[in-house]
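Once you scroll down, you'll see the structures, which are given as structure tokens.
There are two complexes below, and they share chain A, which is joined by chain B in the first and by chain C in the second.
Entry: the complex of A and B
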């Protein structure tokens, strides 16, 4: 947030205006940040900021991958179920007797299995979208039910507990003064930002979302491209499931319920278009922060959790409305 | 387009199968389960399945109308929680009749908000109803203070409110009668009235619809009222059957409902599909669940099977339309 004000003070007041019009969510983030700082004495504290980042990391990680998929013009509704699957697999497998003698290394096969499951399910979603041509909404809606079914069948509706405490210690650990989970989130945010804004894959992501036919004609292999993005979101959903379960030292089969809705909310708040072709990681990061600052601040002000749901829903619709007003093409748009 | 069953006699067997794949699948499916599973094709069992499917079915009728006009409604699950909590809570406070009336008005008002935002302000239906999903869940919790509600146990067996969920006419359970009656009424309206044709037109080609003088905004607005009305009816059935309600009773219904609608063959793009197809789609989901349970599989195995069935159904539909099995995407 510091660099925003810096640019404003500098030469580019116009550039700042331009930037904020393209990322209106950051204006909102600053407003709620100032609001809660003034209204609540406990909000403006380093410990609380760390808290916000940890809480934001779960939704945030998934939102990074979701941004790519949504810029492609697709969507992934199965992320919440993948969160539960990865968490359950990881916590269960690291407790298998065959890894008993491995010490803390017993966590590794669990984590690898969890991440692999996420990537594989993403690949499956992407492959089906590619080969069948069925809309991603339907494919991942099916996967959302099916993967959740897999979780319930696999776990027999039981929670798993991590017997190796190094696992939950990791969730509570810090690195270079930052909570490790927050650090993981920030590093991946930077990586995906670079992927999207500085690489060929990134520019292809926009091209495919903007005009799929044109992308095909331009020689982009659209099918595999979309599949890779589904694998990325699957990876992040699995990673989020694992980091979430390190925070609890356990996994439950209901983990991640409704996450897809929260993640999509964050990504749309961040300015990514449902129709594809537009969006950015900076926007998504702002969307995730906005949601988490609101949740955290309202929690500190002891607003009942119920109201948070109403306010978030209203904000989502409000942002959609504002976005439509601001981006209206004017007279050239046919008013039907 | 609105034909309930594809026109016979145009000689094109492949097209016939493509148009009516869901009916054929349904028959094959029923025969297979009937042979494979004892007790499956008994009246008792069939009645049971239809009864448990009725709530999802009633909601799916309204959602089908919304989808036919080219939009989505993801708020129905939360709205079901809201309606059920409200009708159960008001039962003891102002009586069942007034309670139903107030609840229906409240639910229709929520539908009207959806309709205003999507119909008149032309906002994206997925995001608006996603926002409403969250907002209505919050409203439900605020209304109930987070507590579960129930009808005074001493009146549960005497109140006439019990008829909607537990009553029967001529041996047929009331939820089934309500479901089929509503399906016939909405099915007729959609298939045979000018209003129904406007819904198809708006979903099929909005621009052409507007140029033919259809008031698109009003049509879209009205579909959300239909959807909300159906959710209200489902709330009455659910509240009456359980005689109580949790705040999250409808969570996840929006996607199960949508699964039924899609499975029936109604296109999410709008303009193609029918109420009858949705009824069949929802029933297939119910029979899959029942058949797997009878075979001894765990309850949630049905979701895995539903996953496969939905994708196969839509894939075949898409493939039949483009004339080739695989997508031409490189």
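Entry: the complex of A and C
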């Protein structure tokens, strides 16, 4: 959806204010950034910024897909389990004897299988939501439990280790001065932003979430449309699983536990409505950065890990309250 | 005279739902360049017929022909492909999106790779908006427009592509007179292009102004088609309900006026309305008439505690009061029957009894439980008093007709024993038969000593029920008329802001 300007001819400052009111998370990102820069000597350093981007890439990739699904008015709780499945499949398959003579190319079938698993599970989620009309929350809750079970069955509760070191080197590599994983995240962020704001599919994503009946009346094929978005989030969950396992050089069956909650937190912080119809990739990007900067900064300041959770939880509620206040209509508002 | 072949022909359409024969052998046809009105009371089967055209329902029997070829319409997409465009009565818009995206929803112009062609979109929407005399642009967020303007955007969808058939379902329900003129121009243009138009409306004056033929449905069966020029309102009404009505009379009876119940002085709320002063006496109906956006509804909401006034005094029976919330308003004896009964007035999934007792459920308890007997007693009382037609109190409100739903809302507030009853758009979307019943009911309530404020955008309605009429324009009261002194011309001038303050 294109940016809709409330005031057609705003001055620069006015437009900035308008932008901030629509993406309050970015004001928050700036504040915490300045806060940690002042409070901790190690925070403001190029190396640390790269670190934050790498750490942000895992949640960030999934959050891109989740934004589409949530603007649709759906949700996908199975992403954490898909992370584990894709990672396990990829690391296991590339070690299969049949690919032994392939050299570094043995990684490819593993990666393809991992991504395909994510897309297929997304398609399955979407198909069930489309054909049965059962709420996405329930369908993907089932998928979350079921897929995690499959991971344990498949791995027999074992971790897999990548024997090809090119795989784990990839996770630590750099391209044009940026960590490769951070670059992948930034490129996909740009692509999904364009998809959502410039394409017909993007416009339809908003329409379906905003008023589903209107979308049906207008002749949008809502079922297939939602299925595509579930496939996109499945793809990103699998990709995140693979990039995560390259960082560790291994996969564990417990990988990605609670990821769905972190991703949803980031997306909601970024201004996407749980009821659908509103949200943006710019906001989601800010949400992901906010969480990662807080985690990184508090970590550097040696705040105990459990307190980090308490603080993040409070901030989530605080930011959304602020958002509600900023977008009120003042004294003339209807009080309900 | 040879008639051109109809663009659309329905033959012997039958549609049954469990227990109901919603359509029973309906024939209907639309010729190119003709406006064909479809009339009938609520529940007569108009909506069902339109949903069949839109591909939402599938007929059990009968056939649909487009250009003399039999077709099957399985989905809204197929309806569109056959050249049928539906303009919905209940707005079918995505509020957070722009005007342009809404108008072209489902058929956004594309470039390569599925990108939206914003330039073409803005140009085409710009042209359409110009034709509609719109003062808003293609990129305005549609949720920020008033209901009337949103309705105009809905209508704009008829102009996006070359439709063969355009169905307007109650398009004027929330339009002002100026916008109606624009709509009728649009319809004229479409006619000239040879588009067949189905026009559904309850408003006789529109039907007789713009249509060529009128078809009438009653209880799901087809009652016949008449040429508009050869018939009159009485004949149509008789076909629709089997009896004639006296609707367009002015209110001539005068209720005995009692003590002053409400007196408002200089009431303002930001930019919404300013300096509103009036009084309402017991036994009197005061009608508020004005265009959509004149501040009438907002004024009513302020009296009910839904908005905080920025200036002014409200006196109830001479005593100055501050109303901070609806519960305080109810406590002080003010009730509001809201504009939109489905969204604001009723819980559609609850039964009749529970809806009527909703505001006082806290007081109707036996120990920790809800007192069933007392609830049923209250329902029975208002069912008899308001003649609510529902099979039992267990019937879900959502399955009642519009008129009966409105009576449930009125009953709900009467059961709170108010001194002042505010009714906002009492008969919106209600068929003629129930309309006059609601009007009669309001007059009776005034006789019983209630002070009543009626907010309405329909002139016949305010003329019909009010003892006094207050005209509003742009948030201010322009003139006050007494029922015997008002003329339609003066009233139109007053709501358009053409006259200065002058008490009548």
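Keep in mind that, in the parts below, the second predicted complex is superposed on the first by the 316 of 336 C-alpha atoms of A that agree within 3 Å, B and C clash if a C-alpha of one lies under 4 Å from a C-alpha of the other, contacts with A are read in each partner's own complex, and residues count from 1 in each chain.
Here, contacts are C-beta pairs under 8 Å (C-beta built on N, C-alpha and C of every residue); 3 or more make two chains touch, one makes a residue touch a chain.
In this text, all values refer to a predicted model and were calculated from it rather than measured experimentally.
Novice: Is A:22 contacted by the first partner chain B, the second partner chain C, both or neither?
Specialist: In the superposition, A:22 touches no partner, neither chain B nor chain C.
Novice: Please name the chain, chain B or chain C, that touches the greater number of residues in chain A.
Specialist: Here the partner covering more residues of chain A is B.
Novice: Based on the superposed arrangement, let me know which partner A:265 touches: chain B (first), chain C (second), both, or neither?
Specialist: Only chain B; A:265 stays clear of chain C.
Novice: Can A:307 be said to touch chain B (first), chain C (second), both, or neither?
Specialist: Once the two structures are laid over each other on A, A:307 reaches chain B alone.
Novice: Between chain B (first) and chain C (second), which, if any, makes contact with A:216: first, second, both or neither?
Specialist: The answer is both, since A:216 touches chain B and chain C.
Novice: Output check: A:141 vs chain B and chain C. Expected answer is one of first, second, both, neither. What do you get?
Specialist: A:141 contacts chain B only, not chain C.
Novice: Between chain B (first) and chain C (second), which, if any, makes contact with A:203: first, second, both or neither?
Specialist: Once the two structures are laid over each other on A, A:203 reaches chain C alone.
Novice: Just chain B (first), just chain C (second), both, or neither: which does A:50 touch?
Specialist: neither
Novice: Considering each complex separately, which residues of chain A are in contact with chain B in the first and with chain C in the second?
Specialist: 216, 221, 334, 336
Novice: Enumerate the contact residues on chain C facing chain A in the complex.
Specialist: My answer: residues 54, 75-77, 80, 86, 88, 92-98, 101-102, 105-108, 110, 113-116, 118, 137, 139-141, 144, 269-272, 298, 301, 305-308, 310, 325.
Novice: Along chain A, where are the residues that touch chain C in the complex?
Specialist: For chain A paired with chain C, touching residues are 1-2, 4-6, 8, 198-204, 206-207, 210-211, 213-221, 277-278, 330-336.
Novice: Touching residues of chain A toward chain B in the complex: what are they?
Specialist: 77, 128, 130-135, 137-139, 141-150, 152-153, 156-157, 212, 216, 221-223, 257-258, 261, 264-265, 268, 274, 304-317, 320-321, 324, 334, 336
Novice: For a test of understanding, state which residues of chain B touch chain A in their complex under the given definition.
Specialist: Going through chain B, the ones touching chain A are 117, 121-124, 126-128, 130-139, 141-142, 146, 206-207, 210, 216, 251-252, 255-256, 258-259, 262, 268, 298-304, 306-308, 310-311, 314-315, 318-319, 322, 326-330.
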